[in-house]
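The structures considered in this document are given below.
Common to both upcoming complexes is chain A, partnered first by chain B, then by chain C.
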Partner chain A sequence: MGQKILLDKIHIPGIKTYDVYRQNGGYAAVEKALKHMTPDEITEEVKTSGLKGRGGAGFPMGMKWSFIDKKSGKPRHLVCNADESEPGTFKDRYLMEHIPHLLVEGMIVSSYALGCNLSYIYIRGEYMWVYKILERAIKEAYAAGWLGKNIQGSGYDLDLHVHCGAGAYICGEETALIESLEGKRGNPRIKPPFPAISGLWQNPTVVNNVESISNVPWIVLNSGADYANIGHGKSTGTKLISASGHIKNPGVYEIELGLSVDEFMNSDQYLGGMMNDRPLKALVPGGSSVPILPAHLIYKTAANEDRLMTYESLSDGGFATGSMLGSGGFIVYNDTACIVRNTWNFSRFYHHESCGQCSPCREGTGWLEKVLWRIENGQGREEDIELLWSIQSKIEGNTICPLGDAAAWPVAAAIRHFRDEFEYHIRFPEKVKDRNHFTAEPFSQVQHLMHKQTL
Partner chain B sequence: MKVTIDGHELEVEPGTTILQAARMMGGESVPPAMCYYSKLKGSGGKCRACLVEVSKGSEADPRPMPKLMASCVTGVMDGMEVKSITSEKVLDARKSVTEFLLINHPLDCPVCDQAGECDLQNLSFKHGKSQTRYIEEKRTFEPEDIGDKIQLHMNRCILCYRCVMTADQLTDERVHGVVNRGDHSQISTCISKAIDNEFSGNMIDVCPVGALTDKTFRFKSRVWFNKPFNAHRNCPTCSGKTTVWMFGNEIQRVTARKDVYHEVEEFICNSCRFDHKEVSDWTIEGPRKFEKDSVINQNNYTRPLIPVTIQTEDHILKGREEDRKKISMKDIPLTPKNS
Partner chain C sequence: MEKTLHKQNINISESLMARIEELISHYPADKRKSALLPVLHEVQDAHDNWLSTELQEKVAEILEIKPIEVFEVVSFYTMYNQKPVGAYHFEFCRTSCCMIRGAEDMIDYTCNKLGIKEGETTADGLFTVTGVECLGACGYAPMMQVGDYYHEHLTPEKVDQIIADARAGNIKIHDK
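Showing the complex of A and B:
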């Protein structure tokens, strides 16, 4: 069993409440930070820890903190991004649901490090019950003197608010989140200026994921160097993985980065192997927006090295033979899954969630979805595969925010690795009419049809 | 600051964007802009038609920028090198943006009042293809009445947000905006409110396509059948400097004066635009000139017409005499008298 940082105390009964959390060493990091450390020392510790942003992009957190504009003298803000809406990712919800005080503690320490006196947790609207849990935790923290004016006599003031979104995936993009928090339409802003210079109400702002912030108390209590010792190479620390799909034990797991994919998927301690012992077909390792991996590239990279659960190893080989760790939404498919339907489903999601601001994404995501729907329902044409490829390549990189890329990558990867399945849908429309066409006849059984010469 | 665009060097002030620098230079390198409007603060960056390649970031950091940049919102740096029409990638991106903008745009140019002065027409003329790859049904919206002066055709909208910014920055109260999201976002008013602000008519001028058109001009004429004149009047609310679009002795439409990038020189008020359509209201200054390839020049001759005589054998141009029987309008001869 690897070391646990976030889920260490999760099974203590009543850890949701302040009293139990405090008795189990909670808020010690705030005490230590406020009494014995300067803000810059904390930033330095986070920098040495090598903690990468856990929201998906994997940008080093300490680096992000050091970009914040402290010279202008404007008030600074820390915003916690709890708008976790990526299909396949549900780790933040688990953390906030079970141990909300960890996030509150992390917010206090991080805000202190950044010199913020007003911080926000932006939570997605669908998590209404989690919103209430957080509200209660914050109320308890106020009552115990961990928030408000002059925290524990240190002279440091902090106000923390939870803000509820209205249910838009795009508000997980940091500038759209800021717009939404300001009460506007959640359209991503054009960068530069970056939020670290001009964010919430034109003030310097740092936006961090729930999991990233929850790691900070441990780093403060121990040290950045200790944190860097966990993990593998540049991927330091632990990561929450939300596993779903055709596996025996789906759920949220905390793993030390550097665990091999093989062990993670097949050991009983983690996912416990494939459900019903059907063969593995594909894997989406980091939430819906990362490229899908075919079976032969899951356990081994293209260079025939073991694939590890690290940022580097999962993206080994670029998009041609690799993927990304992303936000840790680990989706496993067995041979009954239809990749075309899955890609269509992802595309439908991005079509629905595009903000409609810039034209490639607004028009392109809808187009992708419609073409994929046709293929999936047996109305595809041979040229549609080329068309899909062309549309996705025109969206990628030409949009304001990464949603365009996120919509394009899964389609590109599906065509790259599962082209024959698309062709099968097009050539044998009568076979794919049913929703469950691969349940009765997995693709491996009908693949020979593809090679038959037809006139 | 020194910036190089397509190999041409020029000096610009700090804070200039690439697009502005290119416009200072003029010529073929100027990227097309569907959403950027220099008179509106915060516009630009949305349509992605103006993407350019930055092959050298600046003198201090010579790395090229990894993605194509929207030239209308990217400021120039000293020593920056930009590729506009010299880059294959950029032309490709423009083609794809044109395609994206057109897949859901109705092909109703023959009945659209904007035809002839439409930015999307110009863009697709330059970067579009003659075939479509989009076989699905086009997206449509329910028609909506937004007031008695302005006609909204949501199907034609390309969501440039210009009209929203106009209402924000010119009028004291914005009653319309973008509702919904994704490809269903639409320009609409809140609770069916009519747009009746005194400067609301400028939304028509800033609209790059025919989504917002003048109801008082609706279906009256094609713009190239009008003769545009610069005119002015003594207006208490605005500058009163306009272009009047005449048909014979009738003023069919009044707009603000637009420059070569189709941006207005000065915004005008609704009273000038909609309520003063008598010739006696205006002092005519002279014909309004347009860029030389604009279709508006079709009926806007500034020089006498000289018939061109082509020196050739008799039957080649006109065909055989026995084939040239007139079926209709027999009393009018086939060949004009003076030729």
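Showing the complex of A and C:
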């Protein structure tokens, strides 16, 4: 049983309310921080913890904090990114829904460390009922004197509000999020300047994920070194994993980083193995943007080492044979899943969500979707696989924000590892007319056709 | 701006205005525009779930910004409806994790049951069915959003029940 930092109190009845949260040690980190620690000491602890941003990019949180401009004298802001929209990811929602005061407490301590007096939680508009839960939690925190002027007599002031988006994946990109918080379209900004210098209303701003901020109270109450002792190597601490797809026990799990993928997948304590005991075909370990892994690269790396739930092990082998931990959106596919259909589905998502600023992404995602759709529907052409490869390679690296890369990578990985399935769709169009073609006849059962017949 | 074809009765009630003022107070006094997204949600909820051009102009007036600043936001975000939709807007997640757990079948089932195609509204104006992108309920698939709430682990029986409840007016759509 791994250590729990975030979900250890989640099953206490009533933990959603202020009183129960407080009775169970809640807001002790704020007390400790305001009474006994300077802002810089907290930042140092967070640096020591090795905590990497839990939204997906994995940038060290303490380092991000240290970039905030304190010299200009402008007001500073902390903005929590609760725009959780990466397909496969539903962990932040779980935290906010069930233990909202943990995020509020994390926001207070982190805002204090950064010297912010006005902070926001930006939540996606679809999580409207969670928005209301947070609004109530914030009201309770104000009433109990944890927010507002002169918090607990410390002289520190903080106003915290929750702000809702309105349906745009791109607002999870931090500069698009800031634009959206300013009441504009979610168009990512050109960087530099980075938000740490010029963010919300041109003020120095740090944007951190819900899970990242929720770890800060524990680090303050214990220490950065204690946090760094949990986990595996440079992958310190615990990670929330959102598990979905063809598994027995979908849901949100807090794991100690370093757990093996095999144990996470198959232990009854976690995912309990494959739904209906069908064969495992593929895994997207970190949200839709990260490369898909074929069955033989899931439990073992290409170097035949155990694949672990760490930033390093999941990316072992680079994009050729590895993937990424990303947001922890762990999507499992069995042999009834069609990789072409799934890749088309992802491309449709990115096409829908592209903000339209950069032409490689705006046009390219649409082309990917269209070409994938025709292959999936038995109208593919022989040259389409090369065409897809060419399109994705011209999106990657050529856009203002990483949405372009996120759209390109799944296509590249699908072709890299499942090229024969694309070829099958093109060569046997009559076999893929029904959208559930691999449910009746999994690819493994028809793969032999590929050897018998040539174009 | 082009005026909308459908008429919408605009009524910014006292309680709605109080809520709008509360939202505006969350931002610095010279940053009223920042309240635009939350304000649009409130205004849309109070106006049959859509925002006519005239209503958008009203929001611009309240926030002291130009109408185009509202329009460019409304047309960017998927949750704002520029045309009337059904009283119960069934928004099914159709992205990968939901798709592989039967979302497409569930959308087909619901559309057949209601006698409409995806994207359409029933003649009585009660229901609209739309496929939308990932709603962050991947582990609880298939699922749909109706107003402020999620309905998860859907089965045909659950969909039947939701439709029956909606017809009887027994579904809560907003948390106000």
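We adopt the following convention: the second predicted complex is superposed on the first by the 452 of 455 C-alpha atoms of A that agree within 3 Å, B and C clash if a C-alpha of one lies under 4 Å from a C-alpha of the other, contacts with A are read in each partner's own complex, and residues count from 1 in each chain.
Here, contacts are C-beta pairs under 8 Å (C-beta built on N, C-alpha and C of every residue); 3 or more make two chains touch, one makes a residue touch a chain.
Values in this document were obtained by computation on a predicted structure and should not be read as measured data.
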(request) Please determine whether it is chain B or chain C that touches the greater number of chain A residues. (result) C
(message) Touch test for A:His163: chain B only (first), chain C only (second), both, or neither?
(response) second
(message) Which partner chains sit in contact with A:Leu387 here, chain B, chain C, both or neither? Use first/second/both/neither.
(response) first
(message) After the superposition on A, what does A:Gly366 contact: first (chain B), second (chain C), both or neither?
(response) first
(message) So in the superposed three-chain picture, is A:Gly145 touching just chain B, just chain C, both, or none of them (first/second/both/neither)?
(response) neither
(request) May I ask you to decide whether A:Glu353 touches chain B, chain C, both, or neither, giving the answer as first, second, both or neither? (result) both
(message) Looking at A:Lys184, would you say it contacts chain B, chain C, both, or neither? Reply first, second, both or neither.
(response) second
(request) Kindly classify A:Ile331 by the partners it touches after superposition: chain B alone (first), chain C alone (second), both, or neither? (result) second
(message) Once chain A of both complexes is superposed, is A:Pro279 in touch with chain B (first), chain C (second), both, or neither?
(response) neither
(message) Tell me the contact category for A:Leu118 with respect to chain B and chain C: first, second, both or neither.
(response) second
(request) Go through chain A and flag every residue that touches chain B in one model and chain C in the other. (result) 168, 185, 352-353, 355
(message) So in the complex, the part of chain C that touches chain A is made up of which residues?
(response) 26-28, 31, 33-38, 40-41, 63, 65, 69, 72-73, 76-80, 94-97, 99-101, 104, 132-141, 145, 147-150, 175
(message) Under the stated contact criterion, what part of chain B meets chain A in this complex?
(response) 44-49, 51, 67-68, 70, 73, 92-93, 96-97, 99-101, 103-104, 133-134, 136, 139, 158-159, 161, 177-178, 180-185
(request) Using the touch rule from the top, collect the residues of chain A that touch chain B in their complex. (result) 168, 170, 185, 190, 351-360, 362-367, 370-371, 374, 387, 390, 394, 397-400
(request) Name, in rising order, each residue of chain A that touches chain C in their complex. (result) 84-90, 93, 118, 124-129, 132, 161, 163-169, 180-186, 201, 242-246, 250-252, 284, 288, 329, 331, 333, 336-337, 341-342, 345-346, 349, 352-353, 355, 435
